[in-house]
């Protein structure tokens, strides 16, 4: 038994490889949250009046709301007055090319392995890099513009496309949707905006990289993505944060809108700092992501690989309003050491013949707790709605926990809802079995994890899948016996 | 090939093997029988290198090398194969992937080139036919959702793939119906040659109607208390173990 | 004169009439005779369960007893003409036929012989005092506090007794045919016992046939003891018209390295309750439960399965499928119990139902009770209608709607029958299913 714990410890103890701090001067808001903070942020960003009004409305709503306690996660109470709500790197001058970007930032990107260099651009990756909430540089913008595709920072979108932003912001995730969504609506600093015009197939993967750099800062980015009739887009999002002892808050909102016959594929690799081996520090990742299949035959597909954050509270959802629309959710969530995750999805069937599919793979190691929480709701008018859910949990060692909370609410008789759940464990016996066939413990663990997550990885864009696989290996590294 | 001398081993301070000795030569089949809890599976696990046990005394020499000194995967690469009593399920790993990784590790150890996908599939299909395993199983995760019989046949399939020098079958026949038992036994009989050897641990004499052992050993209380030919197994099936226990206990 | 034990304070109202009848039975010192009294005590307390009883929530068996049913096992004629029966002529098999709870030597036929092998009447071997019967009779049912089992033990006179000695493989299946005849009023109790030895094999096909329109309620209890390293395949077939009222209890126990499979196919039945309780008492054993209920009219079939994993390294599978037409009702209640010591248990349970009509009902209650930590258990339930797009697809290929539906229903249901390993039986059942679905 002692041996098993040793092996498991080795498997589950490895260091966060992205925990370096970039020394860039920062232009911060004052600590704490008040109406003044909201006004400061809005002013700092030269926002129009309607935006400020919207923010203030959200702030007032937030004041009346209380933090949710139903997730299966535990953390000390957050003091919202100790957080800095805005931190922008001080721009030295207006940037025209990559060469002009602060070399230290570029170095950071290099360490992150962000696909920013020439070869990556040639590979067809346009990157909107958001560092501490402000978009630093957007590549390939011009190329996209030719197709009528808008891909820019949220700040620019508010300035340049106010009517689109005004129409859609808060339309999928209303200001009062939940505590963290309200907070985000009040203080969001930046994020990405994307509009794909009618009948356009976005020729490249759009990509954003988020990174929290400043100590004590919260990151509140806001993403809005609209796919007009008959369009297609695949969007990638990656996140990392430096190693700090304090907990940092990340409360993002992502809204997706798919019109008739449109398809949005949204992939996330989330690798926020998870805290150290004793559970100190790490990101609180309280995110609201929701898409609406507004039009007929539309499709929204969420794929996520979640390995980071001290606490994750996240349920990428799809509202299936258009007839024949499809919602998908593919997820790998890894928790290690003292990480806690309460994540899953919601599929809300409103339209006829709507279909959804949920594939969730949870991996718990160390002393972590990993919960799947999912809702499948079939409204009375959703004739012939169909859902299939598969929720698998993999336990590594015997000090971690996996929990499954599926909610199935069906109000239409013709609906078909299927749910499957399994729990397996990688214990000493499995590793010994592999050893007996000549495999080292490290090879065995890698073989198992990759096999287990295959079904989700195959929904990621190619190069992301490779990255995700590496990330998983790093997260669970140390298996060499 | 294998010399076990005065082997003592314990788990959590409790002694299970108490001076076990056995000599296995190439080309031989040894059957080990005995009542429950006499250390048969412990012996198999210790030979394969399971680390729960403390070897307190004695030696195990395999082809001139100290077996006890090697990690489990080294023993496997050296040619020791254990067909597990309870083959575990490995979630997410197909048998094909598993065996490819395994076989190539073993080949590397023997200074052979790794097999590419095409060559590997060819070998795999041939060996699958050999143990009458449905090809559909190969795409499923190792042992996952397999029936008991399929799991045991899968063990024999892996044995056929890895071509070990010494195979230890730990109750591979338990819970098999007569058809599956024949398949397992045929597999062993086909693999048997003058260079390899088998230790067959079993509870039921029925298996030995199909795999004819050169020696039958009765294990009791952590060591071999009686050895004989295949007729000993029949005697045990008919009379049970009480007479052996009495004989042993009387001489103590 | 026998009296109830002092510990029994009050007799349940529904037990009163049975109690008076039971007092008239001739006491004997055989295994069956000895078991009667404690069983009657137990039944006197339990009474016939009503729908308030959690296990009988969806099956109102108590309504059958309102008219004051009594035991008629001892008073019904046992004469019958073989031409009225389905004796499964397409199978080469051993046949044991019981008419209204009594062995019929003329209709029965045993073809397999082996040293020590017994395929015969329980009453006969009870009188002879067969060792395996002595050791095992009521040993499982006794621990199972259930009203119909107690009633059965108190009254049953006969049924099948099969003993398979060690290392014996019974070459042909044993068909146990229970016939309940027309005009009977009351409850017919029949009782069977199967004991198999180490490394043996047995295939059993149990068929219940009801002749006439107003038949008795058949209450049957079967105990099966599966020996170490042994294999028993048990099939329970009900394919007659929707007239049978039947409560069947199967109580089984498995040894080490054993396999036990049950296949329960109901293509008919007015009111059918199948209880199955299996204790896996040995390591490295497997149990499989496969059920199909394809129903029409007002028939109701209620399957209750309890698997108790008491030892480590065992595996169980439950797959029950229902196809419910007209006003029929299907109930599935599956319970997996994993004892604390039963580590490395794999247990799976699945119930799938297709409703073919607006008035059909389905009730499903899957339960997991797990006290060990290193186990793999899963359960799933689906209910719904046939996928319209599939029907449309087939119609687009030229089938009419009825054909298309029949084909899809057949495919859905055949899945369970396909698991049966006796080929001629499988073929026959698939054929019966096709006939039913194309009616």
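A, B and C are the chain letters, set down in written order, and residue numbers restart from 1 in every chain.
One rule holds in what follows: a contact is a pair of C-beta atoms (placed from the backbone, for glycine too) under 8 Å apart; a residue touches a chain by one contact, two chains touch by 3 or more.
In this text the structure is predicted, and so the values were computed from the model without any measurement.
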From subunit B, the most remote chain by mean C-alpha position: A
Chains most often in contact, by C-beta pairs: A-B
Subunit A and subunit C: spacing of chain centres that average the CA atoms, whole Å: 53
Length of the line joining the C-alpha centres of subunit A and subunit B, rounded to whole Å: 49
Gap in Å, rounded to a whole number, between the CA centres of subunit C and subunit B: 40
Shared-contact residues (touching 2 or more other chains) in subunit B: 89
Per-residue multi-chain contacts in subunit C, two or more chains: 376
Shared-contact residues (touching 2 or more other chains) in subunit A: 424
Subunit C residues within the subunit B interface of the complex: 167, 169, 198-199, 201, 228-229, 231, 256-259, 284-286, 313, 315, 344, 346, 376
Parts of subunit A lying in touch with subunit B, wherever the complex brings them together: 1, 3, 392, 394, 424, 426, 429-430, 432-440, 443, 447-454, 481
Complex contact set, residues of subunit C against subunit A: 373-374, 376-378, 380, 382, 384-385, 387-388
Footprint of subunit C on subunit A - complex, ascending: 384, 398, 413-425, 427
Sites on subunit B touched by subunit A in the complex: 48-52, 71-73, 75-77, 81-82, 84, 87-94, 97-99, 101-102, 105-106, 109, 141, 158, 162
